[in-house]
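Each structure below is given as structure tokens.
Below are two complexes that have chain A in common, paired first with chain B and then with chain C.
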Partner chain A sequence: MRPGRRQRWWLGASGLLGFLLLLELVPRAGLVPDRYLPPTSRIAGALADELGEPAFWRALGDTLQGWAVGLALAVGAGVGLGLLVGSVPALRAATSSTIEFLRPIPSVALIPLAVLLFGTDLRSKLLLVVYASFWQVLVQVVAGVRDVDPVAMDTAHSYGLGRWGRIRHVVWPTALPYAMTGFRLAAAVALILAITAELIIGSPGLGREIAVAQTSGAVPAMYALVVVAGLLGVGVNLAARALERQVLAWHPATRREAP
Partner chain B sequence: MTAARRVLVAVGLPVALLALWWVASADSQSFYLPPLRQILEAFADVWLGPRLVDDVLPSLARLLAGLALAAVAGVALGVVVGGSLRLRAALEPVLEFLRAIPPPVLVPIFILVAGIGTTMKVLVISSGCLWPILLNTVEGVRARDEVLEDTCRAYGIRGPARLRHLVLRAASPQIVTGLRQALAIGIILMVISEMFAASSGLGFTIIQFQRGFAIPEMWSGILLLGLLGVVLSLGFRGLERWVLGWYHGLRRAQRGPS
Partner chain C sequence: MRRPLVALVAVALLGVVAGCGSDENEAPAASGGIKQVKVGVIPILDVAPIYLGKEKGFFSNRGIELTMETGQGGAAIVPGVVSGQFQFGFSNVTSLLIAQSRGLPLKVVSNGVASTSKDKADYSGVVTRDDSIRTAADLAGRRVAVNTLKNIGDSTIRASVRKAGGDPSSIKFVELAFPDMPAALEAKRVDAVWVVEPFLSATLSQGGRLVASNYVDTAPDLTVAVYFTSEQLTKSDPDLVRRFTEAMAESLAYADSHPDEARKVLATYTQIDEAVIPDLTLPKWPAEINRASVDTLATLAVQDGLVEKQPDLDALLP
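Take a look at the complex of A and B:
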């Protein structure tokens, strides 16, 4: 029998509860030393302490700032260049090998360069975040523009739509679902790289707080911050998905899914 | 387009960009942006010597070990979770949360548990790579063809044969997608686990160069990481074409002659 919606919710909630209970009991039973993995209740206590600290909120703000600014830059550049490269076939052919080459370069390779050029500045973080998330958007937008229906394009031509009209009414609606996929991927990647920059370079933010907690032996605080990073990740995923649904509400694929 | 022209189009821009870099940096006086000639000389000096065996190959071995561990665990768990509706419903929130934890924060946790040796790095890589493989396997197992499923039941195919011919085969395109995502995460984790705390390895060496202001050497390291990323992704694409040849052929046949 297929579990219904309500039952699924209960199963999910009990799964989560079981997970938390497991993490409480394993260290208490001594299966794992609690200096490696403190019980859930102590992590929750450390989390509550963190929530009362202004430093924690400052770090959270720093992380979110790096994430948001970097993501905005990457999306702007990715969409702009993607529309350009995608709509000129010669340009697309000439750049595809370069894009394929630059894209898999791990952006962590730029860490030493970022440190030399910008130190622990916000710009270091932005360099990593933008490099990593730019390709996600660009590749998707190029693919989206390529997917434009030639008949629709010809129709727009015969109706006398200008270059902007064609981009606005034919290219953009086709590329938008792709662009939103790129945005969703980029949003997750940007968070990973923002936290990496803080962890490795020491830019202010959650990642640096985690590194500091680890070196100073504040184990429950470290886990509490990791939990916050995870919740931030969940939030970013949910928000990106909600935005995608909102922006693409007109799209047949979204309309079909609606209850 | 003829083959020669296609090659020309593909290599044209990269060659032009490299030439531009070469010329523009040829008599660069900037300390941070040395001439490309110097970087390439440093590349040959640094990476084609004993460092290849001491630093580069161990890093790659750890990456592959971590990836292999994650693949085995991810596919095994994915088959179990994807096969049961209830289990999936129960685990979904937990998996969503674990997947959303940015993998680099695992580095401090595993340093705590396993020190800074090889074990820590392999654990970090495999636990970061696990989630994309696991979640994609779950999706692949879930979306298996119902007719094939019924056919298997009707013919009494069960146990390992069912697993091999129905479940894993149906999930394999998704598993490969998961592996590709995992590879990208694995490279990141390989580098930063060595940058954060290590005494050897690719990431460690590059950071040492940066701290010692050995700028051409540092650039050569960045170049090497880029090349590794590209070579690994090309290698993976070759592997995918080989493993999923049947699938791409099927898709082409379904789409009809074009």
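Take a look at the complex of A and C:
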């Protein structure tokens, strides 16, 4: 496994290096004018400048705060409501068409509503982030609860487990892998929407800095901030995967302790 | 194994509590006579006076603690002001005329920015790289990029074309964001672009040629944009509106007479390259609104079909 892993690491790194090299060469060769697409080295220089600005770190903090709070709200609400809706068949039947109707509405379409209600502060951003990421979790958890083995449920019943015991020892372990998938998807969507909200509404954060750089014609600085947004996305995905692995590694252990 | 999720749920609940708890509806709360005022602006050259005025203390010495809220293209500004999230906002005149014609209760409180009134030396202009376009009249039948369709850009460009004796009805307007225009012009995706500073200097230095100063052709000393509030605030807190108007007048006059300081303040809220800042063409920042020019924009708005009936300027202007 080890050599395979190292090889993968190398492949990933060389892919990234190749991309950076291409980004350096394309503008230098004049295929794209460098004032619209600066070469990697100039973006790196602008990034270094940004890293020295306190405003940049404040913006990064604002973005991460909006992301984390929004994601936490979405996961909390999605797991809670998902367990409820999933375990009551009548409720599931009553809400499924509504969920399918609301789910595809793009969060961005709610921007005028968000501004009307909350102006440009954190709450507008949260509205968009929570709306977009909530459904990812909810739908997964509902599916997870539906996936519960009826035989296991009946067994738990005949062993005299109460409602709470059944949720905890039968429903939850089944739904957990689904919930973690929902969490991972939601984590990425939440970041996208946090930055979108900043970009369009002008809530404080990286997105707003990108918008300011853009309206100022500061192209290298804009790309530098876009790179930061991309790196954040990579970081979020890696963290979500690590958490998923950790949480699901415990999974078999739970089954052993089940009565 | 439940720990991480339990923790997440706990954080979520905390978030809910915090969200309800920190009720920051700090809409003008009088704390020792100081009022917190939020102004929705676009982070562009035009609003330098309000940043400079804040720096100079023109607002704080009138008991106004100013916060600027920046939105891209100002999508958030009018709804923000109408809903009371912002006390004041910055908008171009044509947008306000359209908003008023749709029944939004808005009231102009101060001038914002005006054209220099110098032909080919304004902070706004139509630029081309096409040798067959010599005057504004040649724009007829061509593709011209504006940042927002059915707004001040196309309205004033039509005025330029009309003045030069061309047929404005055949211009094909294309919507593009200002930052994207230099590239679109270079790639010949459009025949001409309407740009304002800093993109005007940028396109000109990249081989563009100035065809028309659309603001100058529209009216002498054109009032381009203004600061406004909701009718509700003019009734509920006329004193705050009066103090804001006074502070704005002082800021505008100061910025207009101290262009070097206005250029310097740009670096605090934009990312405009400091090397080009000294060469930008600054607009004029008169303290007074030029009523006649607003009349012209209103007439053009009716003529171009942006609004259905002649706007009621007495209701809109101070």
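Going forward, the second predicted complex is superposed on the first by the 239 of 259 C-alpha atoms of A that agree within 3 Å, B and C clash if a C-alpha of one lies under 4 Å from a C-alpha of the other, contacts with A are read in each partner's own complex, and residues count from 1 in each chain.
Note that a residue touches a chain if its C-beta (ideal position, glycine included) is under 8 Å from a C-beta of that chain, and two chains touch if they have at least 3 such contacts.
Since the structure is predicted, the reported quantities are computational estimates derived from the model, not experimental observations.
Once the two complexes are overlaid on the shared chain, A:Val129 sits clear of chain B and of chain C alike. In the superposition on chain A, contact of A:Ala156 is made with neither chain B nor chain C.
Contacts of A:Ala218 after superposition: chain C is touched, whereas chain B is not reached. Of the two partner chains placed by the overlay, only chain C lies in contact with A:Leu243; chain B stays clear of it. With both structures placed on the common chain, the touch criterion links A:Val142 to neither chain B nor chain C. Applying the stated contact rule after C-alpha superposition, one finds that A:Ser97 touches chain B and leaves chain C untouched. Using the contact criterion defined above for the overlaid structures, shared-chain residue A:Leu16 touches chain B, although it does not reach chain C.
Of the two partner chains placed by the overlay, neither chain B nor chain C lies in contact with A:Val171.
In the superposition on chain A, A:Leu73 makes contact with chain C only, while chain B stays out of contact range. Of the residues of chain A, those at positions 35-36, 111-112, 115-117, 199-200, 211, 213-214 touch chain B in one of the two structures and chain C in the other. Those residues of chain A whose C-beta lies close enough to touch chain C in the complex are 33, 35-36, 68-69, 72-77, 79-80, 111-112, 115-121, 123, 126, 172, 176, 179, 183, 199-202, 208, 211-218, 221, 243, 246-247, 249-251, 253-254. Chain contact summary for the complex, chain B toward chain A: residues 9-14, 17, 32, 85-86, 89-94, 96-105, 107-109, 111-113, 184, 187-188, 191-192, 195-196, 203, 206-207, 209-210, 215, 218-219, 221-222, 225-226, 229-230, 232-233.
Residues 1-2, 4-5, 8-9, 11-16, 18-19, 24, 38, 40, 42-44, 69-72, 75-76, 79-80, 82-83, 85-86, 177-179, 182-183, 186, 198-199, 202, 206, 269-273 of chain C are the ones that touch chain A when the two sit in their complex. For chain A in complex with chain B, the touching residues are 2-3, 7-8, 11-16, 18-19, 35-37, 93-98, 101, 104-113, 115-117, 188, 191-192, 195-196, 199-200, 207, 210-211, 213-214, 219, 222-223, 225-226, 229-234, 236-237.
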